[in-house]
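You will see two complexes here that share subunit A, one where it goes with subunit B and one where it goes with subunit C.
And then the complex of A and B:
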């Protein structure tokens, strides 16, 4: 019994560590999106703010990057889904003896480092252009050096393998007898493919398309070589993260995280709803009526979570329109100033003590400097006394250290008037 | 003769239109996107970096100089080794292996837990939680770790608050941030293949072993791990190849004084504009990582067909 408890505690601790390693960084990053400090951090916390979303919205580089990422993503989806589907159909028919070689060949692009794929695509099309005699400025040359064209090809080379894996899993459950029956009844091969196989593969095609789009959208290693002149979202982000950053990237990350959670919840909710309806149809469970929740949320925590999250987001966007952190920011600035001033004072006191010990032997010690530390910040008699009007300076708490060694020489009597400036 | 038979059968099974469409798509993929690019990169890596005017001229001949550069550096007498680049290479490979082992150890209990406690809502929630970081951009994940491991990052703040360290620890320079980032980036590619195979393990086998008095360690060593081997192999291959070929995490989280091998390739391409040299380095990376994977698969007796399941 004791060992069972111990195992349970160990398991809990392990789960905690695992999930904080996995999700902790994302949570921290999301929090930095709401901190007004200009460097992304959670501590010290300055002010709660939505300003980074505005910065993000006005960032044209990111907007352009998203635009090109979407174009490239759509191209990659079209190319890699069709290639992956073709490859998986061929896999079911290929001669058994070359089957494993063929499988190795179509799975290999997943294992090739993305950097290598990007370089080889870039080099190959450049060489092919030279081989075909395309001169600088011709249409073929500009196509073969076009970042969007190259990136779609480079990414499809390995994303098609992912799609292929999705299709192979689905094809295993396909009954070839159906196609044969269609052919026996006089359908052409194209008709049989369109009417039999394609409808059967539709769910797999949908999930492969989503997978391909996301893989293309977040790809960096291949894209960074093949993109040439253009910029995708990932290359823009990489550049920003490498060269100094502000929290607007965190706000982008937070938006992406929210979208992911939304996607996951919708997917889960739809799946559960379907399962429940199936159960009702089969008569295993009865439709519960008269709960507080609407029907589609009954026994469906994912749907409930979805509605809750939408509500929170709407409230947040609403607050963002009204909320103004400027007062808090002024406070923070004041606090910072006070802190800086306190540090300054400390420094000044140290220097003063040093000065005094230096000046003790000198002729121009009037006692005034000794009282100055008590007077707070107004310690400033510049090296030239009142020439620069130290009284004004001390009002601004500007950094002004030191009673010069010649402080009182020019006008010793004035010292007593200006020093207690408060 | 035999080949012809396959082709005619293929077209008879699929019809001329569908047959040529399927065949055309697959061959376009394999020939134009995979095989020819690799061959042209290999060819390119054996050439000199010439100005465009001299390409195809008498000076455009094959050479080993790009590979010699990795071994000996710019020293043409071959007296001293190019220790800087070689060290980067060795470090990359060893660190990628280390990351792989770390991920195996971290993921195995999780995969076992998720795989064996099927059905409950809690486990379903955990799986959904696991998938979320998977869809976040690789750059953003590296950025998140940078916020935590930075000089004035959260971890340093916490350590200093608890008085565990008097001044900030430079995690970035010590490469701790890099290893954590690489492990973080690919952890799910290790977890899910393992989870899939362990889920298919019949629980009765474990029950039977326990009834017959097998110890906890013995159950894992004799039943679970042999069953999970294809998943572990598949996950390890993915993690090793991706970490050795990673570019974003080293660029963002790597220390200023230490480079990753892919960063050298990147520098040859984008900073020095010496594509031939970069291609040679990329070939070295590709061949060495693939041969390490193949050797490991031989040692642990795993088939290529298990990868990707």
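And then the complex of A and C:
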């Protein structure tokens, strides 16, 4: 009995750790999307704000990135689903002796690093263009050097293999006798394919399409080489991370998480509703009338969750229209200024003491941190030159001072509040 | 109703690499016949069916349907419809769509298809079930849907590949009668593949018995049962007691066989071997269990075997009695259950009597393996 309890507690703890590991980062990131601090952070919490959604909305690079990601995603779905379907059908028809060789061959792109696929796609089409004698500026040349064209091909090279795996799993359950039956009843091979095999494969096609789209949407390794002058969401984000990010990316992530949850809930709710109707049709359960919840939500937590979440989102959007955190921001800035002034004062006192004790060291024009590492540590930012200071971008003056890209880290004035900053 | 179309196999060979699946098959199937291919699994009967339906081409020889050579004509162009062993109903289509699939691919309108499907559903006594899915039907109902689907294509020849093997006994017996009835109603040629002799004998006008790619005998069920032409047919179709020996004497249509362990026994020479057997030839003699009966002890008679009961099984309609004759020769006897006492109680050294016309003798050959 005691050991059973212990096992239970251990299991509970394990699940807690497991889910924190799984979902913790997502929760933290979602929270950063609502913090007014200009570097994504939860602590110290500045002000609750929706402003990053506005920043995101106005960020044309991200919008273009999403647009091209979707275009490329759709192209990749069309190409890799059809290639994967063809490959899987060939696998079932091919001469048994070469089947395993064929399988290895067709699965190989998954094992090839995406970087290699990307570079080789780029090089191959460039060489092919040269080989075909396409001159610079001709239609063929511009097609072979078009980022969208190349990315769709490059991604499909391995996403088609994923799709094939999905199709093979489904095809293994297909009775080839059905095709024979259709042929025997007078269908042509095309009709047998369209009316028998394709409807059977439909669920697999749907899941392969979703898989392909997601794989394409999140792909970076291959895309970064093949995209050339265009940008997809992943390449835009990568660039942003390299150049200093702000919580608008968190807000994008939050939107994506929300959409995912919505999608999952809708899928589950619809499936459960269908099952419920089926049960009613078969007369196994009675249709419940009355109650607080409408019929489609009864015994359907997914539908309930969906409605609840929709409600929350609507409330949030509504609040965002009215809510104005400017007063809070001013308060935070005041608090910061006070804090900075206090620190400055402290620093100066320290310097004064040091100057007195060590006459050889003259005053440094770049301010305290260079000579006073312990002071830098004191503000919690030393090693990275304050670039991660949640406060250093929220100060609206900082971006205007023309140092935005590197978070003002090289601005000699940004630590010295007493120096004139404009 | 249409009168059936004849099917001919002319010197058909079907080989896969070195393996000969069908060897020199010459079969004439009359139009409107219910014709069965009977044989153990792996004897090539399904191969023949697939060749007739067009899924594979004979390596040699011709297949003629209604006098037309079918070489090079695909399964979708042949006037045949095949009912698969597993039925192969389209799982995602409703019953009526299944039935009218042949019309759909031919481009008929939905209303037309529905009308024809409903007619056929009426015929197979499944009216009102057209909107169900195949998974919602029972085994016997699926069976009938498969038949309706095949008939909807208006085939000249209906091919059935062991369609009853998946059903339970009662349903199988019921479907036998039903199939036969449908065949007589539509009047088209049925070619039926089975390893179940009961099915072949009850339904067929004619039966071809196959062994390892070779057709041993083609005849009516009755003739095959009573006058098998080879030891294989004799031992495969129904049960038989086999006695090996040599021909001692030939008297017209009958021969006296000197058996190895049971003395001299008299039997009828099977019709196909009449006049071809000589005194001194190795021979096999077959007596059906039900042809044996208890008789008077008469050692001098050539139609009496002496044996002791080893075991006795009560099967309801018959007693199956397993006996041991001279030299440990095992013999089976079947006696109808008419309320009598057990055979084993009647004592030792029983005399089993038979009518010489109910025993057949033929040259030695391969038996069907048990």
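The working rule: the second predicted complex is superposed on the first by the 343 of 422 C-alpha atoms of A that agree within 3 Å, B and C clash if a C-alpha of one lies under 4 Å from a C-alpha of the other, contacts with A are read in each partner's own complex, and residues count from 1 in each chain.
Everything that follows uses one rule, which is that contacts are C-beta pairs under 8 Å (C-beta built on N, C-alpha and C of every residue); 3 or more make two chains touch, one makes a residue touch a chain.
Values in this document were obtained by computation on a predicted structure and should not be read as measured data.
With subunit A as the common reference, subunit B sits beside subunit C without any clash.
After overlaying the two complexes on the shared chain, residue contacts for A:330 are found with neither subunit B nor subunit C.
Looking at the shared chain after the overlay, A:178 reaches subunit C, while subunit B stays out of its contact range.
By the touch criterion defined above, A:338 lies against neither subunit B nor subunit C after alignment on the C-alpha atoms of chain A.
Using the contact criterion defined above for the overlaid structures, shared-chain residue A:196 touches subunit C, although it does not reach subunit B. Of the two partner chains placed by superposition, subunit B and subunit C are both touched by A:188.
Number of subunit A residues touched is higher for B, counting subunit B against subunit C. Touch criterion met: A:234 reaches subunit B, while subunit C stays clear of it.
Judged by the touch definition given at the top, the superposed model places A:13 against neither subunit B nor subunit C. In the overlay built on the shared chain, the residue A:313 is in contact with neither subunit B nor subunit C. Minimum C-alpha separation, subunit B to subunit C, in the superposed model: 9 Å. In the superposition on the C-alpha atoms of chain A, the part of subunit A touched by subunit B in one complex and by subunit C in the other spans residues 188.
For subunit B in complex with subunit A, the touching residues are 6, 10, 13-19, 21-23, 25-26, 28-30, 32-34, 36-38, 40-41, 43-44, 55-56, 106, 109-110, 113, 121, 124, 126, 128-133, 135-148, 150, 152-154, 157, 184, 187, 237-238, 241-242, 244-248, 251-252, 262, 265-266, 269, 275, 278-279, 282-283, 285-286, 289-290, 293, 304-305, 307-308. By the touch criterion stated above, subunit A contacts subunit B in their complex at residues 11, 14-15, 18-19, 21-26, 28-29, 32, 39-43, 82-83, 86-87, 89-90, 93, 95, 100, 103-117, 119-124, 127-128, 130, 153-154, 156-157, 160-161, 165, 188-190, 193, 214, 217-218, 220-221, 224-225, 233-234, 237-238, 241-242, 245, 249-250, 252-253, 256-257, 260-261, 263-264, 268, 301.
Every residue of subunit A that touches subunit C in the complex is listed here, in rising order: 175, 177-178, 180-188, 191, 195-196, 199-200.
Residues of subunit C that touch subunit A in their complex: 53-55, 74-77, 80-82, 84, 86, 88, 90-92, 101-102, 104-106, 149-150, 153.
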